[in-house]
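Labels A, B, C and D are assigned to the chains in the order they are written; within every chain, residues are numbered from 1.
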Amino acid sequence: MVSRPVRITVVGGASCDTHTAYLADRVGEGIARGGGVLISGGRSGVMEAASRGARLAGGMTVGILPGPSADDANEYVTIPIVTDMGQARNVINVLSGNAVIALPGAEGTLSEIATALKSDIVVVALAAWSEIAGVVTAATPEEAVRLAFEYARGS
Amino acid sequence: MVSRPVRITVVGGASCDTHTAYLADRVGEGIARGGGVLISGGRSGVMEAASRGARLAGGMTVGILPGPSADDANEYVTIPIVTDMGQARNVINVLSGNAVIALPGAEGTLSEIATALKSDIVVVALAAWSEIAGVVTAATPEEAVRLAFEYARGS
Amino acid sequence: MVSRPVRITVVGGASCDTHTAYLADRVGEGIARGGGVLISGGRSGVMEAASRGARLAGGMTVGILPGPSADDANEYVTIPIVTDMGQARNVINVLSGNAVIALPGAEGTLSEIATALKSDIVVVALAAWSEIAGVVTAATPEEAVRLAFEYARGS
Amino acid sequence: MVSRPVRITVVGGASCDTHTAYLADRVGEGIARGGGVLISGGRSGVMEAASRGARLAGGMTVGILPGPSADDANEYVTIPIVTDMGQARNVINVLSGNAVIALPGAEGTLSEIATALKSDIVVVALAAWSEIAGVVTAATPEEAVRLAFEYARGS
């Protein structure tokens, strides 16, 4: 097997406040600086902020889209994957990562965390979700990225 | 539009204790007696107990299966739907019901509850999940069925 | 295993001419009279005509829908299954039948025939598709139904 | 919108003869040299040969996998996307490309061609499939790549 880049999935709300966007941006930057590929749902909010952080740091970003067209991807997505499968794309989003970093979000994010845990994929929670049994919590974006790479390399 | 039977989705663990199986069986029976079609994931545990309750009361049951074959359906499923889509079938399971009744389960059940809430489908929780914001709680199987029919008819 | 009704999937165009609608109607009627459950994509054209034939003969019909709502089902669908998965629902449509009957249609129908053949599900072709290697051809709706039940019971 | 690399999907059999593998390898090489991202189903046969050609020419390859694990990807896939959706992943494979190049294959390949045509995505056929209405035929791998880029840039 040739070596592949580590894939880290970032999940969180399609809309988010400024501080959450800052955290997501730092997470994306950290993934890119570590040589990882960032996977997200490819839309707005946390997905866009994390993709922006990764792209501006020279990284590669994949956006797994719910709709029938790549036009819905935010501008920081390098490779849009078009599923036309609505919420079912959340499953692909999660399964495609070696680890998941979860930022604040709503029910869609919760379903992704649950799907990851069911599939024995480590979920690193940042600024939210600490009440969900089974997640690993991080205090800073840097710690979240470090933990995600550690688990991803062990997976 | 001709009238269709109400469809109520029952979610819960693929393995469950005796009391949960009893509750699921009563829920299934209530759905059938009310003229509803019971939708589930078609496998073991809560899915099987609820399907059994519905079938023994003369009802119709649909099982939306994760694997590539109908052979995985429990024996109380009238109509197996074969998805071969793994966990993504949970989304179909939930979207196909006019309302959802959630019994005790693990991460798969949690992902179904989150998916329902995101899609504005009412989730009636029985014997678990009362900590999830947005669910409606029921104290008995009879109340869960009554509430599910009420919401289903309003949807 | 308790016995289940045979499930026969009918595929064909979302729009169709009068003669094709007549054939689809007769196919649906035959499936219902044979005690089978008719599975279709739940929309217009061949799907609607076949569902109408089955319902008017007292049968049960399942419609596996591409969109996010059961409102898209034609009025002859007893049980809508809501996938919100676009064309990917064609795979579920096909896998859920014990046999497939294919009437005239376009690329969507062709993709369903190919998916069935890949999954070793017999495809009985009526009034079209005889050029596709591997399909079984029928000369009349009655023969198509008879062949489909034969293969379904052997599957 | 920032510019993104063109995405070209290559479809064909999971097993193939030496000449088809040669053609697929040249197609992959051409996509990479043109600056495109190669998308495939990520498995063996045509998918592997095309991915090899692209990787050895310094390109980026995405493999959209049917199973639950990235371990099934061939060694020339840079970014595996894990769907666990069986044949339904064929739809994602096709929708994610700006154009499709189809090499010899069986029913799975036929379903992908049909899905592309239904979605108005251009299919360039090489060494097979010229009998399918709506495909564009190419005489050489170089011509196939040239046509695919032309259509992709116009899409």
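Basically, a contact is a pair of C-beta atoms (placed from the backbone, for glycine too) under 8 Å apart; a residue touches a chain by one contact, two chains touch by 3 or more.
A quick note: this is a predicted structure, and the numbers were derived from the prediction, not measured.
Path length between chain A and chain C in the chain contact graph, taken as the least number of steps between touching chains: 1. For chain A, the chain with the farthest CA centroid is C. Chain B and chain D have Cα centroids lying 40 Å from one another. As a whole-number value, the distance joining the C-alpha centres of chain C and chain D reads 30 Å.
Each chain gets a centre from the mean of its Cα atoms; for chain B and chain C, those two points are 26 Å apart.
Counting partners per residue, chain C has 68, 84-88, 91-92, 119 as the residues that reach two or more other chains.
Only residues 68, 84-88 of chain A touch chain C when the two sit together in their complex.
Residue ranges of chain A in contact with chain B, taken from their complex: 85-88, 91-92, 106-108, 110-111, 114-115, 117-119, 134.
By the touch criterion given at the top, residues 1-2, 4-5, 7, 37, 60, 62, 64, 68, 70, 75-85, 88, 91-92, 95-96, 119 of chain A touch chain D in their complex.
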